[in-house]
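Input: structures, listed below.
Next come two complexes built around subunit A: one with subunit B, the other with subunit C.
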Partner chain A sequence: MSAQMHPGVRVGGWSWVWRPWIALVTVLLAAATFLVFCVSISVGDFTIELTAVVKTLVGQGERVDEFVIMDLRMPRALVGLIAGLALGISGALTQSIARNPLASPDVLGITSGASATAVFVVTASGGAAIGGSLGLPAAALLGGLLTGFLVYFLAWKKGIDGFRLILIGVSVNAAMQALTTWLLALADIRDVARAQAWLVGSLNARSWTEVWTSLWLAAALVLVVLFVSFQLKPMHFGDDVAAGLGVRHSAVRAVLLLCAVLLASVAVSAAGPVPFIALVAPQIAMRLQRSPVPPLVASGLFGAVLLISSDLIARTVLPGGLPVGIVTAIIGGPFLVYLLVRANLKRSA
Partner chain B sequence: MSIVEEQRGPAPAPAAGNPRQRRLAGLACLVALLAAAAVLSLVVGARSLTPAEVWQGLFGEPGTDQRLTEITLIVQTLRVPRTVLAVVAGIALGMAGALIQGHTRNPIADTGLLGVNSGASFAVVLAVYLFGLQNPVQYLWFAFLGAGAAGVVVFGLSSLGRGAGNPLTLVLAGQGVTIFLTAMTGAIALADKQALDVLRFFNAGSVQGVGYDVIGLAAVFVAAGVVLALFNLPAINLLNLGDDVARGLGVNIALGRTIGVVAVTLLAGAATAACGPIAFLGLMVAHIARWLTGPDYRFLVPYAGLLGALVLLVADITGRLVVRPAELQAGIVIALIGAPFFAALVWLGKFRQA
Partner chain C sequence: MTALRNDVARLGAEGVTVGYADRVVLDNLDVSIPTGVITTVIGPNGCGKSTLLRTLSRLLKPSRGTVLLDGHDIARLRTRDVAKKMGLLPQTPIAPEGLTVADLVARGRHPHQSWVRQWSSDDADVVAEALRMTGVADLAHRPVDSLSGGQRQRVWISMTLAQGTDLLLLDEPTTYLDLAHAIDVIDLVDDLHEGGCTIVMVLHDLNLAVRYSDNLIVMKSGSIVAQGHPSEVITSELLLDTFGLQAKVIDDPVSERPLIVPIGRTHVVPKSDQERG
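Up next, the complex of A and B:
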C-alpha cells in the first residue's frame, strides 16, 4: 500500500505508467544477461578477455578470437540465451493465464510430452538416432507441440477456462510421465543412461543450424507475445472485468497460450527439458520487481541469466561436467526458498 | 450460519433424502467395494486361484501336500502383503491429497508438493550410491528417512517468521526443495548406473515385493496421520471460509495448518517410502471425492481415503492382468488409465475449485 503516485506517460496512441523500480530491475536484469553472456563466451579452455569478447561481438576483434568465439562458443551461449528467455516467458504466460503460481509448461505436460517422444526415439532406435543432431531435437519439438495441442484441444469447451486447463494439463502430464517411466523401465540400461543424459538438459555441442532454427522461431514468438501482452494485464482481474475494459479475453488467452506452448517446445528441443526455469524464473522475477503478477520481460531475462550462469558454473566450478539442467535446479531451488524465507521474516519483524 | 439455513430453506427436494445419511450410505458402499476388490486382489495374479484355494492358503493347516504348500506360499507371502499395502498406501495417499488441496486451496496440489516424493527418491539413490544396497528391503528404510526429512525441512522453512499462515509459502517452499532434491537425484543417477537402475523402478511406483516389516512401519505412520487428519477436518472447513472468518469463529489458524501439514507429511511420506512416488493418485481422488460429497471436508477426506485405496488396489490388479505373466507397476497404470478418465470428468465439468 504505497501511497506514492506514479506518473502516467503518453506517446501517441501508447500510454503507460512510469514505475522507476520496475524499469530499474528490468534494465539491471538486461545488463546481467549481457554480462553472463559475455562471460560465458570468454571462459573456456583458454580465456579470452572480456573486452576482446565485446570487441569481437561488435565486429572489431582479432582473427583468432573471432574464430574461437563465432565458431565454437557463440552457439552454446546463444542456445542458452534463447532457451532461457523462451522458458521464462513461457512460464510467466502460463502462470498468468492459469492464475496459478504452480502452473508452468512442465505442469501442463509440454515438457513431459517432449521427453516421452525423445525417450521413445532413443530407446526404440537403440541410440542410432542420437548421433544425428537433428533427429532428437525435432522429435522433442514435435512431441511438445502435439502434447500442447492435445491439452488445448481437450480443455476446449466453448472457450478455455484456467481451472479446466490446468487440471487437464496435470492429467496429460501424469500420463506422459508414466509413459516415459514405462519406456525407461522396459529399455536396456545403456539406452536408459543415454536417455537420462538428454532428460536432464544440456547445452553441450550446439551448432549454428540449431541456433538459427530456434532463434527465428523464438524471435517471432516473442514479438507476437509482446504485441498482445498489453491486453494480458486487465485479464488478471477476471474475465468479466477484462471484457468490460474491452479485452477480447478468449482470443488473447488462446494466442498467448499457443505462444507459451510453442516457446516451451522450442526451448526443450534446443536445450533438452531443462527443469524448473519456467516455474522459478517468473516467481523470482516477480519478487525482485515487487510486481503482483508474473512480469513477462523480467521473467524471460531472469530465465536467460539463470540458464547461462548455470551452464557457466557447470563448466567451470564443478568437476565431472555436470549437465546444466542439474545446476539450474540446484541454484534455482534454494534461491526461491531464500526469497520466500526472507520475505516471511521481513513481514514478521 | 442462520442466514445460510434460511437461504437453503425451500431448496432441498424431498426425494433427495438427508444428505448426511446419503453420504454415510456412500461411505458404506465404498467400504463394500473395497472389500470386494481386496478379495479379487487375492484371487488374481500370474497364477489364478479359486476363492476356496485362497481360503485354504490363508487358514489351512500346513500339510504335506505339495500343491497346498505352494498356494499357502503364494497367498501369504505375495498376495496378502501387496493387498494390505495397496489398502494402507491408498488410504494414506487419498487422504493426504484431499488434505493438501484443502490447506493450500490449490486444485493442482498433490502429495508430492511437500517434498516427500523427491526426498524419498533422493534417499534411495543416495543409499544405493553410497552403500551399494540393491535389495528394496534395505533401501526402503532410507526412503522413510528421506521422505520424513524433506517434509520436516519444507515445513520448517515455510513456518519461519509468519509463514505458517500462508499456504502459498508452503507450496513454493515445497517446490524449491523438490527442485533441489530432484536435481541432486539426477546428478547421482547420471554418475552411477546402479543407482539409475534402482531409481527407474522405484519411480514407477509399485505395491509389489514389499515385506511385512516395511508395511508394518508404514502402517504405524499412516495410522498416526489418519488420527491427526480426522482431528483436523472441522478446522479445514472453517479455514476455507478465509483466515479472518476462521479466526473470528475461534479457530487457532497456525495450529490447524500445522496439524494438517504434519498429517500430510506422515501419510504421504509413509506411503511414498513403501511404494514409490504415486502423486497423481491423491490429486485425482481428491477431486472425485469433492464431486461425490461436496465441499464438506468431514466427508470429503474419508471418501478420498477409501477411493484412494480402491483405485490403487484396482490399478494393481489391472497391472497384473494386462501384460501377463509380467506385471505393469500400479503407478503407471494409475497414470495411463486414470489420467484419461480424470480428464474426461474434468471436461464434463464435474469438478469445482477447491
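Up next, the complex of A and C:
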C-alpha cells in the first residue's frame, strides 16, 4: 500500500513527504546558484580565481582579494541574487494564485507600476537628493504596492478570477508604461539618461546600503511566504475545495498576493524592472521538478541563476556593458510566445 | 417535516436566508439532516438546491439564520475544525495538470496537518485506505487528467474521504457522467453510507435520487415542499407541482422503491393499450 505513495520523513512529531527528485533538483539549483554567484564575483576587470573567491567568502582570503570582492563585486552579485530570488518567488506566487502561467508580476503591471513611481522620483527630484539610497527603493515599493491594489480592486468581481486578473493586469501595465514615457518626456535630459539606464534593469554600480535594505526586506517576505505556503497547497484545486479542506482562501490569497507584489517591488527597487525573470523562472523550475504547480523555492533559485548568469552574459559576451534586462528579454520573449502558443493549443484542443 | 429533530441531527439550518446581490434564493428555511443516512436534495433548476448545500457547507454565508454543526453555529467555528468534521465535494473541482491521484487524495489530509506535520504515518494509512475504498489504488501514480470522468469523480470522492469525516456533502457527484459511470459512482456513495457515513447530496437524476436515498428533500423556489422517505414523498402530484412534470409513479421492478416514468407529449401509447400490454 505505502509503495503507492511518497514515503515520509519523520523526526519526533515533525513529518514531511520525502520526494527524492524534488529534493535533488532543489539541491542542484542551490549549487548552481552558488556557482554563478562565485563566477559573477570572479569575473571583472581582472579575474580572481574561483578558489580565491570561495576562500574569501568563508573569511580565509587574501587582503587584496578581500577588498575587491567584498567592497566592489559582492554588492552586484548579491543584488542579482536577491532580485532573482524575489522575482522567481513572486512569479511562482502570482502564477499559482491566478492558476495561469501568464500571471507574472511583469505581465500584471506590478513591475511597471514600481518603475513609474521610481522614475517619478528620479525626474522630480532633479538630482540625487531624494533619488538616493532610500528614496528610490521606497518609491518603487510604494508604486508596486499601489499598482497591486489597483489591479486587485479592478479585477475583483465576487472573488478573483485568474483570467480577469490577467486582462486587467495587461491594461494597467500599458497605462503604467505610458505614464513612465510621459514622465520621461517631461523630464530634464540628464535625469532621463539616469532613469533610462535604470529602466532597462541593471546590476551595475550597486552600493552596500541598497543591498542591505533589499536583503532584509526580501528575507522577511520570503519567511512569511514559506510559512503561509502550506495553506497554498489546497488552493490549486479551486476556492470551494480549499474551503472544504479548511483553508481561509480569501485571507491566504490576500497575504500571498501582497507578499508577491512586495517581493517584485523589492526586486525592481534593487535591480530595476528586469523583464521576464518572474514569468520564466517558475515555469522552468516547474518543468525541472516535474511538479504540477510552480514550486516556490526552486522558482526563486532558478530566478537567481537566470538573473546572475544573464548579468554575466551582458558583461562578458555583449559589447559595451549592456544592461542585464536586454539579455533576460532575449531569453524571456520567445518563452512568452511559447507559453501563449501552448495555452492556445490547449484551449482549442 | 419535523419528524427528524435537531437533537439527532448533526447538521441543520435554522431560519436561514441566503441571497445573491439582489435576489433571495433561500427564504427563512429550516432543515435538519438525519444522521447515518443518505439525504438527497432534489428540485427543478434554480430552486436553490445547490445554494442549500453550499450554505450547509459554509461556502455561502446566510444573511439571516444559522447553520448548526453538532450544535455549534458553523460561522463561529474555525474553518479547519469544520473541515475535520465535514467533507465537501463541490461541483467543479480543478486538478492541476499532471497531478497524480495519490497526491490529490493525500491533499484530503490537509485539515489534520500543519507546517511541521505534513505527512504523518496516520496520514499515509488513511490515504491508502481512501484509495482502496474508492477502488482507485491501482491508479495512484496516474495523472488525474489522464483518467475518465467516472474514475476522476472516484478520485475526488477518495480525497474527500481521506479527510476522515463521517459527514460528506456532495454537490451533483454524477454530473457529466454517462449512466453506467453514474451508477458506479453512486454505488460507491452507498458503500460509504453502509460504512457509517452521513451523506447529503444534490442530484439531478430523480430516479437515482429515489433509488439511493433514505431521505429526500424536495425544493421549489427556495423552499422545502416535502421531505421524507422516497416511497412516501414521490407521487405524481408532487412531480407535477414541483417539476411541472407529467409522470407515472410505479413500483420499481428491481428495488423496493418507486420508479418515475415520465410522460412527454410524444411516444406515449394510449391508455387502453398500456393496460393490455
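Simple rule for what comes next: the second predicted complex is superposed on the first by the 266 of 349 C-alpha atoms of A that agree within 3 Å, B and C clash if a C-alpha of one lies under 4 Å from a C-alpha of the other, contacts with A are read in each partner's own complex, and residues count from 1 in each chain.
One rule holds in what follows: a contact is a pair of C-beta atoms (placed from the backbone, for glycine too) under 8 Å apart; a residue touches a chain by one contact, two chains touch by 3 or more.
As the structure is a prediction and not an experimental result, all values here were calculated from the model.
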{"item": "Contacts of A:A193 with subunit B and subunit C, given as first, second, both or neither", "value": "first"}
{"item": "First, second, both or neither for A:T56, with subunit B first and subunit C second", "value": "neither"}
{"item": "Which superposed partner A:G333 touches (first subunit B, second subunit C, both, neither)", "value": "first"}
{"item": "Which superposed partner A:T123 touches (first subunit B, second subunit C, both, neither)", "value": "neither"}
{"item": "Comparison of subunit B and subunit C by subunit A residues contacted", "value": "B"}
{"item": "Which superposed partner A:S42 touches (first subunit B, second subunit C, both, neither)", "value": "neither"}
{"item": "Residues of subunit C touching subunit A in the complex", "value": "57-59, 78-84, 87-99, 102-104, 106-108, 110-111, 113-121, 123-124, 127-128, 131-132, 137, 140-141, 143, 160, 163"}
{"item": "Residue numbers on subunit B that touch subunit A, as the complex places them", "value": "106-110, 157-158, 160-163, 166, 168-169, 171-173, 175-184, 186-187, 189-191, 193, 196-197, 200-201, 203-204, 280, 283-284, 287, 328-329, 331-332, 334-336, 338-340, 342-343, 346-347, 349, 351, 353"}
{"item": "Contact footprint of subunit C on subunit A as seen in their complex", "value": "1-2, 4-6, 8-10, 13-17, 99, 227, 230, 233-234, 236-238, 240-241, 243-248, 290-293"}
{"item": "Of subunit A, residues touching subunit B in the complex", "value": "100-103, 107, 154-155, 157, 163-164, 166-168, 170-172, 174-175, 177-179, 181-182, 184-185, 189, 192-193, 196-197, 199-200, 275-276, 279-280, 283, 320, 322-323, 325-330, 332-337, 340-341, 344-349"}
